[in-house]
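For reference, the structures are reproduced in the following blocks.
One chain, chain A, appears in both complexes that follow, with chain B as partner in the first and chain C in the second.
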Partner chain A sequence: MKWDWSAVGDFMPHFWDGLLVTLQALVLGSLISFALGLVWALLMRTPSRWVRWPVGVVTEFIRNTPLLVQLFFLFYVLPEWNITFSAMTTGVVAIGLHYSTYTMQVYRAGIEGVPAGQWEAATALNLPMTRTWTAVILPQAIRRVVPALGNYVISMLKDTPLLMAITVLDMLGEARLFSQQNFQFTEPLTVIGVAFILISYPASLLMRALERRLVR
Partner chain B sequence: MSADTPLMKEPDANSDANPAADGSELIRFDKVTKRFGDNVVLDGLDFSVASGKHVTLIGPSGSGKTTILRLLMTLAKPDEGTIKVNGDYLTHEEKNGKLVPAGEKHIREVRKNIGMVFQQFNLFPNMKVLRNITEAPVTVLGMSKDAAEERARELLELVGLTEHVDKYPSQLSGGQQQRVAIARALAMRPQVLLLDEVTSALDPELVAGVLDVLRDIARTTDITMLCVTHEMNFARDISDQVLMFDSGRVLESGPPEKIFGDPEHERTREFLGAVL
Partner chain C sequence: MTSGLWELVLKGIWVTVQLLVFSALLAAAVSFVVGIARTHRLWIVRFLAGFYTEVFRGTSALIMIFWVFFVLPPAFGWQLVPMWAGTLALGLTYGAYGSEIVRGALNSVDPAQREGGIALSFSPWQRLRLILLPQAVPEMIPPFSNLLIELLKGTALVSVMGMGDLAFSGNLVRLALQESAEIYTYILLIYFVIAFLLTRVMRGLEKKLKAGLGRVPEGGGKKLPAPRPETTAVGAEAAGGR
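Coming up: the complex of A and B.
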């Protein structure tokens, strides 16, 4: 096996393109999963089981089927019903939706971790239910779960190469394309491997630091 | 804090909702029963509290004292019977001449007359002291932020914590947190203040400070107090009336001199002998 620095140089412009796509997918996917997960978690707390039951079934289904299958489904099956999105949009939605079924459990644990006394104090002060949630319960719950959410962002980063399966050119997609065109596999794959660890390891250190600060 | 500090008596938009402490009936429990599973905590309880009075509930643990406060605060619902506050049903409302379980709107309307201080303080840890006190006046009573903060500072002066306005609850001692909780409850200008074993979670050396603040409030305001406590000296000091509970019923009641000095029931004597 020969290491060819010039191949690295040739690959770099493609690498930056791929990195941008990966980071875009990660950021947008995270935002969707944070927002949607919170919506699921709150819906699961409504008194009506006609809300809880369908939400429970749907999220359980999504959590327990592979992300890759969901990607294919959204990308190849939806267009048959005349619903079409770009590959990138489909990918971001699929990742965000998939991970929202995990973040909802994180939120749930965070919400359940807020002591009953906080609810009681809010009742005693006659705070309306929406204000109790936004000013008392969620700030405390979310503070506790930031590190856990962060860990899912790192997982999501490592799942972004799946987007390649629906033609999105993320880092892996770019590396594969370059490899096939130039018959040089070692350099591009090594570059993106290093890039993944350069992003995810510091991120996991950051999460551990946050955990020490926020979870008390 | 001087005795003439305005606390509950100053006129404001809210005061017309507070009839004077004229001794009229403010709270009435009518055949209230509360069960937890097979355990009957309150058994057809009848009792009433007159406006402006300081009433202390004593009795062995499990005798239903705290449950009374929790029912009044709507933290629990009675299984049978009715509770009236200021003549209004608390957990029921009248519709077409029939008594039905009250909706949220009705409960909130009646509940605004009631404030509570908890054993575990239950301050909001995500808010500084000042906002703990102003949050509800601003969002529930619709006070302006400035007016609410001014009022909060007055109350913090009353409880002796002016220098801690900008701290988080976790930076305060238990006694200080409980005094903030008292200020927070008073900021809503309730007619009734419920005190649920407010010194039980405190280190012994911090108890006196909290009780002094409450004595001050009892002396300088016309707020009605309903107090569950094991501090018998405090109960003797502030109470107009003491209710001795046993097994979910009022065993006897009377002025503190009577209950502490010459109780009618042997059971009361035993209890006082054990706690005094």
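Coming up: the complex of A and C.
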């Protein structure tokens, strides 16, 4: 096995470009999944089963099918319907949508974990519905689920290389381009592999620490 | 869609199923070996197993696949058949996730059971095989079932390497028909059906294993999860909940 440090040096500028794209996709994808997941979770609590049932089926479907195929779906089908996004936007939307079906369950657990007394107190104080949710239930529910959401951000990070399949130049995309141009596969792929571990391991330690602090 | 194209899709399903079975077997083997090693009494064994878990969980499955396909051949001078390369990458990655499940389930067995085994002078291997695993394995089934679905979704990644699995056959059909909505809808539906069947099978397995222990899945027996606070009808109604 031969290891060529000059190839690592040549790859580094591309690596930083790719890292930036990966982090952008991660941040935007997380924001979409946090927001959309909350929407799904709240919709699942509406009294009408005509809302709960379709939302349940759709989210179950999205959760149980591969993100890669969903990416292809959005990337190739939307243009046929005359909706054109850039590859990056498509990727961010797909990741956000996919993970929103996971965060939805996290929110649900958080909401169900709020003690019954809190609901009753809100009723006793005659708080309107919106205020019960925004001032009483959600602040307590979300505080508890922050570490679990963080864990999904880490898994989302590990799914961002899939964006390469729809031509986004994230870390893996840059590595592949570099390898094909220079015929050096070992160095760029190892560099990004190590980079992923270096990002995700401290992040998972952070989430464990948060879990001890926030969840009691 | 013509029948020729459907044949392509069927071949893709077959490759996906094969890959799923092989990598699930490898992942299960890795999970048990590494998960049990993480409860070993020697710290070096625990450390190595933990290191393995963190490395393979820390990196992305797709990067592992690239690594096995592109870095292993020049590094060690042998080239794997795509099926085995995919199996290796997926099995090692998902095995790392599975080892956490095994470790968690082993740790959640009542410590008195272990102590009972020691008191009866069982060897560590007998304790593991006769006391700990029979009680821990049924607890592992629900998380393993989720992991299996994740693995099914992970098998789609090998299509990036040009392996003719279900996702890849979808791409071929798209190129042949110049039309993508229909075929991708079918592909997604097929994945969903496979996932649905897998959950059914795993639920049946859980029922069977728990019956062997005199337990009922989800509740019943002493393994009841802590009851979560229920809202009274008044509060729930005011909140618009159930």
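Just so it is clear, the second predicted complex is superposed on the first by the 216 of 216 C-alpha atoms of A that agree within 3 Å, B and C clash if a C-alpha of one lies under 4 Å from a C-alpha of the other, contacts with A are read in each partner's own complex, and residues count from 1 in each chain.
Here, contacts are C-beta pairs under 8 Å (C-beta built on N, C-alpha and C of every residue); 3 or more make two chains touch, one makes a residue touch a chain.
No experiment lies behind these values; they were computed from the predicted model shown.
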Mind working out whether A:143 is in touch with chain B, chain C, both or neither, as first, second, both or neither? first
Which partner, chain B or chain C, is in contact with more residues of chain A? C
Which of chain B and chain C A:135 touches, first, second, both or neither: first
After superposition on the shared chain, which partner residues are touched by A:85: those of chain B (first), chain C (second), both, or neither? neither
Could you look at A:45 and tell me whether it touches chain B, chain C, both or neither (first, second, both, neither)? second
Applying the document's definition of touch, where does A:197 land relative to chain B and chain C: first, second, both, or neither? second
Quick one: classify A:120 as touching chain B (first), chain C (second), both or neither. both
Intersected contact list for chain A, partners chain B and chain C 115, 120, 123, 129
Inside the complex, what are the residues of chain A that reach chain B? 115, 117-118, 120-121, 123-129, 131, 135-136, 139-140, 143
Partner chain A, residues of chain C touching it in the complex: 54-55, 57-64, 66-67, 70-71, 74-76, 149, 152-157, 159-160, 167, 170-171, 174, 179-181, 184-185, 187-188, 191-192, 195-196, 228-232, 234-236, 238-242
How about chain B: which of its residues touch chain A in the complex? 73-75, 104, 108, 111-112, 114-116, 118, 120, 122-127, 135-136, 139-140, 184-185, 188
Under the touch definition given earlier, write down the residues of chain A that touch chain C in their complex. 1, 45-47, 61, 64-70, 72-73, 76-77, 80-81, 112-113, 115-116, 119-120, 122-123, 129, 132-133, 137, 157-162, 164-165, 172, 175-176, 179, 185-186, 189-190, 192-193, 196-197, 200-201, 204
